[in-house]
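As written, the chains take the letters A, B, C and D, and residue 1 is the first residue of each chain.
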Amino acid sequence: MEHDTALDTFPKLLQSHVKLRPDQDAIREKALGIWQSWSWAEAATEIRTLACGLASLGLKRGDKLAIIGDNRPRLYWGMTAAQALGAVPVPLYQDAVADEMAYVLDNADVKIALVEDQEQVDKMLEVRDRCPLVEHIIFDDTRGLLHYEQDFLHDYEKIQQAGVEFDHDHPDFYEQEVSAGSGDEISIMLYTSGTTGNPKGVMLSNDNVIITARNGIIREDLTSKEEVLAYLPMAWVGDNLFSYAQSYVAGFCVSCPEDATTVAHDLREIGPTYYFAPPRVYENMLTQVMIRMEDAARIKRDIFNYFMQHARKVGVKILNREPVSLKDSLLYKLGNILVYGPLKDVLGLRRTRLAYTAGEAIGPEIFDFYRSLGINIKQLYGQTECMVFICVQPDGEVFADTVGTPAIDVEIKIDDNGEIMYRSPGVFQSYYKNPESTASTKTADGWVYTGDAGYFDDNNGHLKIIDRAKDVGKLNDGTLFAPKYIENKLKFFSFVKEAVVYGNERDFSTAFINIDLDAVGNWAERRNMAYSGYIDLAGQDEVYQLIKECIDKVNQDLSRDSRLGNSQIRRFLVLHKELDADDGELTRTRKVRRNFVGDRYDILIDALYSDRNQCHVETQVTFEDGRTGMLEADIKIWDAAVYPVNSMTQDAAA
Amino acid sequence: MNERNVGGEMLKVENISLSFGIMKVLDDISFDIKQGEIRSIIGPNGAGKSSMLNVINGFYHPQQGSITFKGETRKQMAPHVAASHGIARTFQNIALFKGMSTLDNIMTGRNLKMKTNLFWQALHIGPARAEELENREAAERIIDFLDIQAIRKKPVGKLPYGLQKRVELGRALAAEPELLLLDEPMAGMNSEEKEDMCRFVLDVNSEFGTTIALIEHDMGVVMDLSDRVLVLDYGKQLADGLPDEVRNNQDVIDAYLGIPHEQA
Amino acid sequence: MIYRETGQFKANYQDDQALFPIAQDRYVVLAVLLVTFAIVPLLLNQYWLNAILLPFLIYALAALGLNILTGYCGQLSLGTGAFMAVGAFSVFKLMTVIPELGFIPLVILSGLITAAVGTLFGLPSLRIKGFYLAVATLAAQFFLIWLFNKVGWFFNYNATGMITSPPMTLFGVIITGPSADPVAKYYLVAGFVAVFALFAKNIARGRIGRNWMAIRDMDIAAELIGVRPLIAKLSAFAVSSFYIGMAGALYFAVWLGSAEPTEAFDINQSFLVLFMIIIGGLGSVLGSFLGAAFMVMMPILLKNIMVDGLGTDAALAAHIEIITVGVLIIGFLIVEPHGLARLWRIAKEKMRLWPFPH
Amino acid sequence: MLFFIEVALSGLMAGVMYSLVALGFVLIFKASGIFNFAQGVMALFAALTLVGLMEKFGMPIWLAIIGTIAVMVALAWAIERFMLRPLVNQEPIILFMATIGLAYVLEGMGDILWGSDVKLLDIGIPQGASDWMLDSFNIYIEKLEIFAAGTAAVMVTFLAIFFQKTRIGRALRAVADDHQAALSVGISLHTIWVIVWSVAGIVALVAGIMWGSKSGVQFSLSLIALKALPVLILGGFTSVPGAIIGGMIIGVGEKVAEVYLGPIVGGAIENWFAYMLALAFLLFRPQGLFGERIIERV
């Protein structure tokens, strides 16, 4: 794999692939039942015409092109086309409600929007008056849009046509624009859905993106033969790096699933060699596996359990190339034929050489489950502000509770109050139209505050994240209180979907729990417990007992950590509703808004810190169709078991 | 709903009477369906609604009356003739081909578009194969249109009711009909499924310009969807007109008060 | 368990609609063909070829034919024996009249003749359904057999009323008559079956096959979407009879060598083939083969066990045999009414989803 | 002319015998929707058992008949228990296949138990020509045939009463319509099926006796079932009167054809003529003799 530093923009990279591998697939999309494919050469022509089309609409260097929709080749081409003109693509979350979009569209001074379908167009029209700068809207899928007369709406193919003509009239235009592009030019603008306040537009230069992408490729020696499935939101930095930037740098092919409902199936068809997913995806996959195995015939289940047990014993060792006894390795080989191989195959991960997870911490047993199957899944620690890579776990040095060692060209330091800082070629230029945030995040000499608190593990020198720096507080007795850290430990249990822990400036920690309806529901059915729905199930004593056991384990675990030992959870309750982004309780990336939730359910918190063991609550909820209604429940409050803190062991929390 | 482009008369039914033995099912029914409109036929159970559709697409042969479709007047026609002239339909009780997959059901819906003979099909080369692939793509467009990719290769027998209804619509659409007869497309669906189905009916009408005649019990749906409504009661024609006219027609109200459970 | 489908994606409809879209299936099929044509003839002796493989293959062809009619198009027929007879007598007449045409064309020709006859006797299917039709097809069974018995022209007026296949050669090798070489016969029949099994599969997965199944599953709906019952049903009868006719031709000319209508093609033949497709699996090409294998081997097996094994006396053994056959059939219908093919499909699905149950 | 009447009459008599077998089919099809292909073999089996009981155990006729009836009832029970119950709710064709299997079993059992050689069955049914007919009308008719006709008539009346008047009979009719109804009558489906098959078994016995006395008890007897099938097309699978009338039509038509048409085409046409007759008939009246037109709904 060649690294020609003259290729400092994506259009230039594209041209190099057209030379190097014109006929190799560049991108695929499952449409009309088959994988429609475009070679690099074909993709290049598509992009050229689109770029010319956009130019004919007046898109110029520095203008912003919003891109909204599911992962579709045409939308990815929109990015390159914009970059070819020196314009800046701004991908938005396709599931955002109109208002959220309005803010970004306006804040980013978007001039043209390239959207997927009617759904997005309708949202655009709804907020158009709030973003006067938007001049044109181009849509890919014409379904249902035939009768829209607005003259600023354009069918993608119409724009292509215009592009062809424009190209014909200005034959050299495209090449000139492309060669005019440079590394320090802004490559893309990604909005971070901050847990608080309005999203900020992170401006990344071509160098930021391309160098970081290349470093990642070098570190894991990826090739142009990789297969990747692009199924995560295009607006999210991860997708931009793995399904766009790295594809252009390494020259591998990216495949877009047919439809949200078929992702699992499409994953199996494509069989990615290089896979990326946030922890919850791996979590769901594992939950599904366990649920489906519950229905398996006795013998089969026994075989499965036996070999999974063996895998847990030696699988990780074998993956890390540590020596194991001949018997064990033979048994593992047998298991590979009977269980691991088939299982990986049905999951679609059989060919996966490298799998990343990031965004938040992943449960040890989830993590080990995949590793023991022989899937080389690794955690990385990253941020939009530096095009992802800060830390990556090196092969063979993978631990569930650390995020590994600094990525290539990345420097890391911990400041006095425990906050992690880094400096790297990927560090963003600035937040768009937001100098003060930029200043407060990025120091003059290029160091960036991550906002995360953490420390390098004394044993293996890997970075270990405990929590958001600002969230790390103290109990009244002065013990370090890292709610996220505890919440994650709780969420490692498949029964716990979400957990919100409180305790800052209080005497002890307490927790709200969201049960996982799939897992607990299935658990309940196997005990033929009747339940009418989430509320009912969440209220049952058996469920409370189940959750209590999880919490007790966490407490036991915490008690081993001298720094966090006293922040064990004393009292908890199981929430009567699932935390929901539509109610503003979660961010669009499904992160809990702790303070918001705290204010919303303050009665419950008071109850937790009183000696009451029940509390009545009324909540307003938003249904799928947008209507709202009231939800009432009497919520039980239970005590958890607390363990004496063992200050001898130092904090290699298992 | 979006603006309608309703054209001239497409189908004209004149003085149709149909009876089985002594049982009189349809009694002197006359109405028309205009190019591109959505025409509803409502009425209590046993009003002869389904029989009316059966007459239109030639499954029942009326004793009296005539049917004019696209200018050609007939007393009766064989079902497959009706089909080849562009009349397709769905059924009150799902009539899918249980033994076949969603895709095959829809492909069967295209049988009139396929011509190659046994010989080529046996070899499955040349024209036969080409034809198969073309039509596969057409079928896939319908699957995409109805958003049933996930069940493409599943046998329809095991699908949930709502989806089966959708597949049946797909099978009818596969024939690229000019007149689409829908017999209670939303019967037994929950509100969400109904909404989807309404969406599809409207899209079919506006995207493909297909003329639609549908039988439905859900008054809300009927009033929202239809351009004109025909009301039958015990084989007799009770009223015919715009939704509001029909809604306020005294006879209709009486007929329905007679059997209030039929509402919605 | 064996299946590894990850990464087997299809970039065009050709591949997606291939006969065997899954690579592992293709390997299996190739292996089977290899064994059939390369290994079996080397390994197996006369007895195996003549007493088991020939009948198995020929019946498989007949079962294919009946399956097209009953399994795919849903028309129950009890006339198989007679249609085989039509094939047999056609080929006999043709062999004696125009041998110069060559054996293979003659077999196909007799298939076509049978197709014509079959279509004729299929006419009632336009008015009657189910068992009424089944009984109607018995008319063919009895009438045709009677015809071949009575009308001397069919058996060239020889005294016995038997027909005997004259020796014919293919590429210089004798393939019919007593002096024919079993291996050559085997290749001939295996070739026929392989080719026409492929054709059957192609037809079944194309427009015509779908129309047949549409008629089977819901004839009214089929008619209302433009499938013409007349054409669908009669084409099913024609194709079905074509296959059965060829099977009959091979059955007589290649396997038996000589035949006498009332014994070789009586109603029990009809039932035998019907059993094959029921036990093998209605509407499945694979099923036709499995069923044929089952029904051909089982009696032989029983006989070997009882007579050679336990030394039961032949007459009693014969009785016990038919009882066992009867019991086995009933038992089988109880255990798996959808036939061996279904069992195979389930097993395959399990394999594909392993370790998951569904 | 006289000759024709004689032919027609004897055809009528033979037809009655077909009716007897067809009756067995109808009973079972009516009550369980099963096309019982084993009906013919059941007749053979019954006859064999009867003869066997008389010869091997020297039973008097009346005892032998009772014994045979007992056997047939036991058989019905076994069939219900081991065949029908496991196959409940299967498609008709599966059950049809099962009955063919059953036919094999019965055939084999009959042979093993009572030997496969041809046996004479004489239970004192008067043989030879009916002198009275011969004298008064100068028509030759077998006494046996008259007797058979009589028995058939008795059978039918008995069955008619059984169906119309008795509780079980009504239950049986209910089952034909739908199974729930039957249960509401308070008799379990299983019992009903046992009864139906027993009755069919007894009908088979009677048919067996008639045919047996006429042409000896042998395997070919089981083939009379095939003769009864065209009767079913004609009369319909579910109509008792249909079976009777149909049987007679077939009988007469067949005999007439055999006598007048047979010689021309070289005889032995009785195997297929009945079918052709039935088919020809169907072309004009697809719904059969007594079936009424079905209105198909969609």
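Heads up, the rule we're going with is that a residue touches a chain if its C-beta (ideal position, glycine included) is under 8 Å from a C-beta of that chain, and two chains touch if they have at least 3 such contacts.
Here the structure is a predicted model, which is why all the values come from computation and not from measurement.
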item: Chain pair with the greatest number of C-beta contact pairs; value: C-D
item: Chain closest to the middle [Cα centroid of all protein chains]; value: B
item: Rounded Å distance, chain A centre to chain C centre (Cα mean); value: 58
item: Whole-Å gap separating chain A and chain D, where each centre is the average of the chain's CA atoms; value: 76
item: Between chain D and chain B, distance of the C-alpha-averaged centres to the nearest whole Å; value: 48
item: Centre distance in Å when chain A and chain B are each reduced to the mean of their C-alpha atoms; value: 46
item: Touching two or more other chains - residues of chain C; value: 13, 16, 220-221, 224
item: Sequence positions of chain D contacting 2 or more other chains; value: 298
item: Contacts with two or more other chains, residues of chain B listed in rising order; value: 59, 91, 95, 136-137
item: Residue ranges of chain C in contact with chain D within the complex; value: 70, 76, 124, 127-128, 130-132, 134-136, 138-139, 142-143, 145-146, 149-150, 220-221, 224, 267, 271, 274-275, 278, 315-316, 319-323, 325-330, 333-334, 337
item: In the complex with chain B, residue positions of chain C that touch it; value: 13-14, 16-17, 199, 202-203, 205-208, 210-211, 213-214, 216-218, 220-228, 235, 239, 283
item: In the complex with chain C, residue positions of chain D that touch it; value: 35, 82-83, 86-87, 90-94, 96-98, 100-105, 107-109, 111-112, 116, 226, 229-230, 232-233, 237, 265-269, 271-272, 275-276, 278-279, 282-283, 286, 288, 296, 298
item: Complex contact set, residues of chain A against chain B; value: 31-33, 143-144, 146-147, 258-259, 261-262, 265
item: Complex contacts: residues of chain C adjacent to chain A; value: 1, 3-13, 16, 352-358
